[in-house]
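Chains here go by letter, A, B, C, D and E, matching the order in which they are written, and residues are numbered from 1 within each.
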Amino acid sequence: MAHSPTPGDGLSLLEAVERKTPIPSRLEMCIQCGSCGGSCPSAADMEHTPRAIFALLRAGMDESVLHSNTPWICVSCYQCMVRCPQEIPITDIMYAIKNIAIQRGAAHKEEAAFSATFAEMVESYGRSFELGLATRYYLKHHPLRLPGMAPLGMGMLARRRMDLKPTRIKDVDGLRDILQAAREMEAAQ
Amino acid sequence: MSKPKFAMYWGASCGGCDIAVLNIHEKILEVDETFEIVLWPVAVDAKYADVEALPDGAITLTLFNGGIRNEENEHMARLLRRKSQILVAFGSCATEGCVPALANLYPRETLFETIYAGPSTENPEDRRPLERAAVPEGELHLPKFYPTLRTLDQVVEVDYIIPGCPPESRQIAAVLDVVFAALRGEAELPPKGSVLGAGISTVCEECPRKRDVKKIRSFRRIQDGPVDPEICLLEQGILCAGPATRDGCGALCPLAGAACIGCYGPSEGVADYGARLMSAVASVIDSRDPEEIERILDGIPDPAGAFYRFNLAGSLLRRGRWTMDGRR
Amino acid sequence: MNKTFEPVLIGFTCNWCSYRAADLAGTSRTKYPPNIRLVRLMCSGRLDPTFVLKALAEGADGVLITGCHPGECHYLEQNYKALRRYHLLRRTLQSLGIEPERVKLVWASASEGLQLAEAIREFTEEIRTLGPLRWNAQAELRSEEVPLEAVP
Amino acid sequence: MSAYLLYPGCSWDSSARAYALSTGAVCRELGLELRQLEDWNCCGATEYLSVDTVPAYALISRNLALAARQQNGAKTLTAPCSLCYLNLSKADYYLEENPSLNEKVNRALEAGGMHYQPGTLEIRHLLDILLNDVGLDTIRRHVTRPLNGLRVAPYLGCLLSRPDYRQRFSHPDQPHELDLLLKALGADVVDYPLKTQCCGGHMTQIGPNTAYELLRRLLHGAEQYKAHLIATVCPMCQLNLDAYQHDVNRHFGTRFATPVLYFTQLMGLAFGLEPKALGIGLELVGAREALAHIGVETPPPAQAPQRGRRRKKKSEGLPMPSMPEDDQS
Amino acid sequence: MNAATSDSPRIGVYVCHCGSNIAHMVDVEEVRAWAEETLKGEGVVVARDYKFMCSSLGQELIQKDIRELGLNRIVVAACSPHLHEKTFRAACEKAGLNGYLCELVSIREHASWVHTDKAAATEKSKMIVAGGVKRVRYDEPLDPLRVPIHKRTLVVGGGIAGIQTALEIANAGYPVYLVEREASIGGHMAQFDKTFPTLDCAACILTPKMVDAGEHPNITLLTWSEVTRVEGSLGNFQVTIRKKARHVVEDLCTGCGICTEKCPKKVLDTVFEAGLGYRKAIYTPFPQSVPKYPVIDVENCTYFVKGKCKACQIFCPTGAIDFEQEDEETTVEVGNIILATGFQTFDPRRIPQYGYGRLANVFTSLEFERMSNAAGPTGGEIVLRDGKTKPQSVAIVHCVGSRDRRYNNYCSVICCMQSLKFAHLVKERTGAEVYNFYIDMRTAYKGYDEFYQRVLSEGVNLVRGKVAEITDAARLPGEEGKLIVQVEDTLAGRQRRIPVDMVILSVGLEPRKDAYETAKLFGISCSANGWYTEKHPKLDPVATMTEGIFIAGACQGPKDIPTSVAQGAAAAARVLGHIQAGEMSMEPIRASVDEARCSGCRICNGLCPFNAISFHDDRRVTEINPALCQGCGTCVAACPAGAISGTGFSDAQVMAQIEGLLWDVRV
């Protein structure tokens, strides 16, 4: 899968995250109140709460952050973000950390792979393709889970809730050009 | 004893002022009775040469309307200044430039381009006026067209000012009454430099519309929706120039449901009409947020026109800034 | 632009914040270019756009308006009025063909000597880049203008 | 009523077919015109954003650019999927907030001959349109078969109301819009405290254990409040709660059997439309039993005393603080 | 330039070396010579330079010239006017020249100290001098405004701060009006049971003060009253006060309480009982109310609503009930005003995830104060909403609505201590397990941290983390039927769900919802948050920008009782200072309207934050009250008719200064 290198590799992770976050990260404003960690529905499965991730980031403990499962366990529900008293865009920061983890090769391989497979589907067809995504991803990463998924898939197919073939948009080439240009732009930062 | 002499002349103007003087009804007879009219192109047939022949100071009263746009205007202004005891800048053009001065926003070249090559001009050979042109009969001479229009008092000293576009006829009549009385020795003329035929306050003074503390949240034009007939137009978001415009007209425009556009010029002692109006209007915009303020100001699409429609030549800057290629 | 061009700037300051900031820049020996000349007003709310036009008409190349930060006005809220006038003034200047960048509004509290000096430095450079306004000295016009003739 | 541009999202014609069918039917009833955007592409879900930033925003913005081009008088772009809705409106917002991102995204769009000026479109969720543009009064007028007796848990999921920049949809934690709509249909709406909790999103794929726990909480909650069914506004929520209910049961040894229907399906039922035309039956956890509560003409069975009642009646014990809703009733 | 100077100017210019402070970077001699030569036409008669102009010798130099050369205008080019304007004005006065005819222009702070090029600094200094010279021609002689101070004082708000203020002034022997909106004075403090950090009983320390205030011969107590109009200025304000109809004749009422007892109508009391208890339609807020007379709440009184009942009247032994009574307005004259209008608490319904209003056993701190008060609705029993069950576990949530950009982005100061107080009370009275959830523990000030330690020693569980939500949605066994507090224990780094029976929300302090209107009424300002703004946050904390108006207590910002009391006393001291002086003088920089020129356009009418501008509807002209005007000049700049002029900074002065400053580039 094609992706752009991290902006200014060699930056501290904190700086890299700040650059990757599409609106000001305000990380320096975190008062470590724990509203985020308290709100997070998946906190129990996280190695570090979001708050702890921010403390680690600010402490320069980059490796701990990059290898933490936290951003990958984040379900992107924005619960933390709307409750943060400092209006820190936490979920966007989680995305930024994932971007960088992938680019620095420190990613949680499986989770990253799912995202990557998804991205590939989108680039091939312009749309997501559930059946293709599931089979490709499971075949590659969880072949054993696949049989367990079958009844679900059959149920879906029986109700025509899953397409057997992907739909491709008309201007797929235009889309690819856009994405290619975007990647170059990202790399040029 | 011969009658005192009277002259009325026009520079760059539309002729409305002459009409306003003629519009004083019977009083025009009194003018004729009191004065010997030595120059008044609209009303009598007189020659420049006759005026030139008069001794300096021979004319008692000259009403000069129109601004100084070209060499001829200036020549006549200087001539009449020499020949007159009392020189009055009459009407908005002479006192502050008026609409002709909006041409000060553009350089000569652009103006000529518009006039001689504009869509409403048929000029197949694309000719331009020449200051000097040789013809078989000899050399022809046209007055030089100046880069800007100036007010009369920017060229010669004036004794009185009568503002208005045009001045209200009843105000002209009132001023003439004072002059007649003074000539009869029954009254004294006001101190030199005074503004005559107008008040010392602004149009709101005469405007009967109800007003309150002002708060503007948006601007609009009268054609954008119904206008309350009783309430101050500015409070309805209509950019009324009444607060900054010298009174004397009787608030004709706001009375008729239209915003005052400022023809009577600045009030007493105001150095820059447009700046004053801007300051007033901006002060009552009801927002503290720069973006919102900008949004509200979008409702004034042509600020130079809105604030300097009559007063550009009389303002501190006197004109717009232009480059030689005509771009502002 | 012109390397030797030294802009002449007028700065309006308010008695309570920005004038004091200028004083502080002085007492702390902070350096800034000598191009600016300051006028003290009681409040930025006193700023009549006439003053700005006057400065431009008299030969200034740029005008810096300064006042207390929003919410900190010594007169509570008058700097907001300055803000409104400033926005309108810039639009009018633009419509008269004058670069609106020649007038700039900067907030500076009494303790921001350093920031004010920096703002002055920046503004000086901005106007230097814009080049001279020379409102009253445009050669083409002056040649045509004839002095007033005195009355005999 | 004005026309709206519709961004259907990838699931519209597949996993969310019931949503598409019922939306179509309901809009026809209400005279609401939804014009499908042409040649739209995937919004990237949560995945694309995980991979890269600028490409992700470019991907989303291509749709905005298309919509701006095709808008033809319709300023509003509506998305029935909460995630699509979020991605589209978030891109619009971030492009506006971050000029450098805007510049990059637009330079990328140029490569495909496109351009988008942030702020051009108004991006709204289908629920918002039905509630605020069509309005409860009109909806009430169309109700011919009130859902009396059907206990519904209004479930919005997370991405409809969150994040809440520009106050884009009511309160981020406790919005009551869906409650109002369902009440207008005559349903017995349970005060479902989990209404904006996450359904697990893509975690069903990459971290099933995490996702199952989130689903369990939702199903457990619905059961606790004796809901006959869960009403949803998002294809992802529907899919997770419906298709994975079986797996959740297997994982925890529970026996949940709560059907999950789209709110548009319930609207259609209340409007008296044919169940089949609304895609009823496409759900994996069958809704037949739940719908039996409204299927019969007899008045609904007397309700069991609500154990879940939280607000004390006024006379007992210490008084309760008044709530804004109190004034409404 | 319109207004020309009346006299022909004879100007003296004095350029200071300031040792080498100026002279090292500005060629002082050159500036002097330039001014003398070039500015002759502007009326400069003499120009001198001197080592230290501010020294007595320097001042004498000026005075000598004034006397000997007949100078009538002075320009001193030296340091900032903020340093020595007063000095040189005084020097001129001594020589018989009005001080306002002297201009001090700064060539030190604004030239020598900030520039590095001597030639440029010298040139700039010349222009600064030219600006001063041009300007000084238009200076006018001015005299400071002197105002006599009325001896009476108005105090608005009868909380602890207002009571303290009123008592201090009254005890010094001066009359005070104390205006309180509610039926009794006492404010928030009257609602509490115990007060931190010493846990004194609030009533025990407050009641004596209330009684003192009620009986003090110098205090006129106006409860059930509000100020509706304020006119005038420092020294002489005319204040209109509306006394709402009590429907009880104070002269007849003995405060026996029979009416209240007999009144059949029970009303939920959302003010004093914070919504946790009831009162009657005729009531005194609490037993120790001052004054003791009840009021009839006409919105709920059966007689006023339905026209029947009159039980109170029938039973009143002295015939004090008067259903016909009407609101009364009185206008009083006072010299100074002190606002002590206090605060309100944050409404936690704005944070729905805390469940207040939905979940029965979530209480606010004010509700808890009433609950723990022996005179409160539960008789001091700490119980659940059912009115009987004692909680076995209690959560106390700090920072509710405070320190949060979504609500109030400031610390409410008192709630950490108040939460610890609650923890102690719950422990002491119920033995329940107590959890306090805090972000940071703020227990500054004397005795406060000691109190924290005491609470720690009592075995209270302190969890560091801002509570994420409070829910009744059970997830795990043991949670059913409980309120679950979900939080990240940030010290353990884990999310926790703690089931409890009762939750107390320590809601933050907020400005009263009408604070902005009240501020407008009195012509003072509010900070962005809505707290009244003090003149200087450190050095003038009880004065405001409006002369003669002071603030005290929690209306200025969140604060505890000790500080409120200290501020009340401080404000009283400031007012007493004014009263003792008998007269105050004010800067004469003021605006005024030329009525003949004013068109009544009303552009200026809404521009003055000090309410100095008023409009006369009858004559359609605007007037400015010079005593209220602070001289900012905003209206001067706004009046499009040029009808407003301002002393000290007239158009003529400023325009002339601009011309001078641009002397070198003007053509």
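The rule is simple: a contact is a pair of C-beta atoms (placed from the backbone, for glycine too) under 8 Å apart; a residue touches a chain by one contact, two chains touch by 3 or more.
This one's a predicted model, so the numbers in the text were calculated from it and none came from an experiment.
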item: Each chain counted as touching subunit C and subunit E at once; value: B
item: Steps in the shortest chain-to-chain touch route ending at subunit D and beginning at subunit C; value: 2
item: Chain whose mean Cα position lies farthest from subunit B; value: A
item: Chain occupying the middle, per Cα centroid; value: E
item: Top chain pair, ranked by number of contacting C-beta pairs; value: A-D
item: Chain centre separation (subunit A, subunit B; CA means) in Å; value: 70
item: Interchain centroid distance [CA atoms averaged], subunit B/subunit C, Å; value: 31
item: Subunit A and subunit E, separation of their C-alpha mean positions in angstrom; value: 50
item: Shared interface positions of subunit D, touching two or more other chains; value: 173, 217
item: Overlap residues in subunit C, where contacts from two or more other chains coincide; value: 48, 50, 54, 77, 81, 85
item: Residues of subunit B engaged with two or more neighbouring chains; value: 271, 276, 279, 283
item: Pairs of chains found to touch, sorted by chain label; value: A-D, A-E, B-C, B-E, C-E, D-E
item: List of subunit D residues in touch with subunit E within their complex; value: 171, 173-174, 191, 193-194, 217, 220-221, 224, 310-312, 316-324
item: Contact footprint of subunit E on subunit B as seen in their complex; value: 200-205, 211-215, 232, 234, 242-244, 247, 266-271, 276-277, 279-280, 283-284
item: Subunit B residues within the subunit C interface of the complex; value: 56-57, 74, 78, 81-82, 105, 146-148, 150, 154-157, 271-272, 274-276, 278-279, 281-283, 285, 287-288, 290, 293-294, 297, 300, 302-305, 307-308, 315-318, 320-322, 328
item: Subunit E residues touching subunit B - in the complex, by the definition given at the top; value: 2-3, 596-607, 620, 634, 637-643, 651, 655
item: For the subunit E and subunit C complex, residues of the former touching the latter; value: 80-82, 106, 108-111, 113-117, 120-121, 123-124, 127-128, 131, 525, 527-528, 533, 545, 589, 607, 609-610, 630-634, 636-638, 646, 648-649, 651, 654-655, 657-659, 661-662, 664-667
